[in-house]
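Both of the next two complexes hold chain A, though its partner changes from chain B to chain C.
On to the complex of A and B.
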């Protein structure tokens, strides 16, 4: 059973968060081990499995980006690993800029950073963060709508575009993390394990 | 099915509670003297094991064999606790694996010590209901890792309790608040106890208590406030009396107890004083609240970073929190309240008694499991990421922190050498990138793989974190569909065989414990009676005929001789005899006292009348 099926939802990227939460609470009430304490061991084991599946499905689908990653897995017939299946790839348009950033990072690692270099790195990080958000907006906006509402025939193209946006985003996040580390900032602050 | 009770197994105090069928409300169960809090102190005396108040009274008399704050040692290894051992008067031997405490000629593990506390609460509940209690929900700090949770479950088993659920303390508190309709929306529970700190962010909606994120520190609490104050007092004593008390376990214990009491007084008052008579000098010191606050400021600050991380993980700014609830005795400290208010920009509240609310919540969860409450559901999370050690010692994440439990992950494994029949897995918990910086949970050995060329076997391993936050591991060879057998070696835990042996031993101890308690009670009673008789003889010797006086003295000597022996019945018999023989004297003294009182009252009445 895939995550959309768990919630009896069609494979769409546009989801109403409140409706999803209602379904999640309803299924939790049905399957949570708390309500199967008196059941025989096999039934308890089934409740545990079912409850774990419901939780995994909710965790993935409530996050619009993880939702796209999951849909990609489904459509490409791959097993769903928690979203990390898209290999990071540098967007071609950014390559020149990336060389510059990597060089600056090297320098930061070998020696100290002076104030000017810090400012440059921080500015670059802000720019990359904005680009990463751009990719996210593309995924949750036009691409999600194209998948949900566009003609069937366009779908392979939409998926390819999603894949590219996800790869860009994954790449940018790695570089942003490196920059944060070089700037001596706790990585938790910029790339935390966020839910929303 | 039998009743399920809720137990708060605290660093400083423990409690047991249940949900009253009639009112549907949770209630704590007091002991025979009406006390609700059972001090989490266990004393190993030559006569047997004491727990609670009687054990607490042994803290200064027998510092080396009286164990307190053992929760700090649960599920831990020697290296983890080495730093703080100097604060404890009992000794812990350096050894691999689980901590072992040397007390009175034997070694005990933290689960065994906790089991003594749990058994006392079990007996308290049994006395209350007049029936056997075999199942309990026990709370742990939300930030407890797998080993610490497992150790708590083991403690239950040793005490003869089936721990049907481990619940996180802050979430338990939220259930108690929720039941009383005192919390709704998005709430933050700030729980600072004797030895641990937790912060949990929850959404309470439609009867579902969904934990969004949790964080904390399992080694930060009121104990650390006390230590800071003790260090400061030690310096002051060194400066003013030229004495170093740090090597004297009895003095250190007195100092710790006095510091704790002073800290508590400073939550209500602006200043307090302590006077401690030591062998060579009497130490007197006035302490201002500001002085204490300066000492604990860094500790209070240390609770704020986990709060910010929990908010970040929940994806919520502090301003969106609807309510902030305080739990745990240490939240009575005014500075803690101030800092929490500053962080969340909102006055925190604690309508329910912060000492009792966790036990009340545990009772609510127990009632949910028993089927007595059906409209409430708690969805908790795993506090720490779970990972596997992979090539090069890197921890590869299987389940990220703050994932709603139950939750699972599957991984495929294969062999790296031809004919290999065993695969080793090392499971760790924590947020660091290298496995050695994370917490080692256990090593799993997958056995019985058919010999095949390297890379041929496909072993699917399922990691499942259950609703207790405890890991279960199953493995299957996919080609054959055969379940692989798994041998588990917990890094800081007890093997199943150890627990089984401890369960056996605990029955023997339980027997000895009853005897020890009776003996000590008999001695206390003997002491009380002897003190009274001696005082009576001093006051009223002229009221006693010579023959009676000789008989009283003989009975007194007979009891005094027997008091330190181990024969409980004889002590009781001689105490009764002494009591009887002094009855006429007591009556005469009472009459005399009454006459004197009447006389003085008459004087007092005359003085008061206009």
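On to the complex of A and C.
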């Protein structure tokens, strides 16, 4: 059962957060292991499993960006989180830009960060942050609407555009974090994309 | 996670770091990246246009130790190879040589992609000119 089916929802990107929360509470109550303590062990195990699925489904679908990522996984027939064999879809111009920024960052680091270098890096970070938010707005706005309301024939294009926006956002977030770290303002906890 | 000795060696003493200017005759450039971890890898080959043999290779990678080691190793292997031989380098060769763990296999994939991109860029830019010169 996929996460949309868990909540008996259609595979759409636009969804009502309050409605989703209501459905989540209802299913949580129904499957919560505490309410099945008197049941036979197999039923308890089933309740635990169902409860874990409901939690995972809610965590994913309530976040509009995670929702797009999940939809892509579903449409491409992959398991969630299994991205290893998927080709990165970052546009070449962005790659070149990321390379330039990393090179500049490395140079700034090796020269010791004076006030001017710090100001440059901070300004750059602000610009990149705005672009990352831009990618998010594109995903949750026009692209979500195109998926939900556009003609069926456009869907492969919409998914490709989503993939590119997600890749762009992932890249920008990593570089933003590298910049933050160089500036001594690490925001590790707020960003999930990390190098291992 | 513990890196293998070979990864540590390539990380501490990366071979062939640097770049050729893009318009140097016979230079092919591959720029690839992995959005999931933010790595960016630039790999360049310098080919003897007459013989089709890779004379020299350079790389610059922003990423984790395994990504740096994978591209460093790739440049070592590329030198002295023909274009066809270079195209046969597989990410699994890199995995075996560096003993990369499963979570780092994507770094070797990135290096293979970079080799392919550099070869394609060379062909696009210089192969036609080499053919012209030969005729």
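What we mean here is this: the second predicted complex is superposed on the first by the 166 of 196 C-alpha atoms of A that agree within 3 Å, B and C clash if a C-alpha of one lies under 4 Å from a C-alpha of the other, contacts with A are read in each partner's own complex, and residues count from 1 in each chain.
Operating definition for what follows: a residue touches a chain if its C-beta (ideal position, glycine included) is under 8 Å from a C-beta of that chain, and two chains touch if they have at least 3 such contacts.
Being a predicted model, the structure only gives us computed values, none of them experimental.
Using the contact criterion defined above for the overlaid structures, shared-chain residue A:59 touches chain B, although it does not reach chain C. When both complexes are overlaid on chain A, the residue A:28 reaches chain B alone and has no touch with chain C. Of the two partner chains placed around the shared chain by superposition, neither chain B nor chain C is touched by A:129. When the shared chain is aligned, chain B comes close enough to touch A:37, but chain C does not. By the document's definition of touching, of the two partners only chain B reaches A:51; chain C does not.
When the shared chain is aligned, chain C comes close enough to touch A:92, but chain B does not. On chain A, the surface touched by chain B in one complex and the surface touched by chain C in the other have residues 193-196 in common. Within the complex, the chain A residues that touch chain B are 21, 25, 28-29, 32-35, 37-38, 48-49, 51-52, 55-56, 58-59, 82, 188-189, 192-196. By the touch criterion stated above, chain C contacts chain A in their complex at residues 1, 31-40, 42, 60, 62-64, 103-106. Listing the residues of chain A that touch chain C in their complex gives 83-84, 88-90, 92, 95-96, 98-99, 102-103, 106, 166-168, 170-171, 173-175, 178, 193-196.
Partner chain A is touched in their complex by these residues of chain B: 1, 164-165, 205-206, 208, 212-213, 309, 312-315, 368-371, 374, 377-379, 385, 400-409, 464, 466-467.
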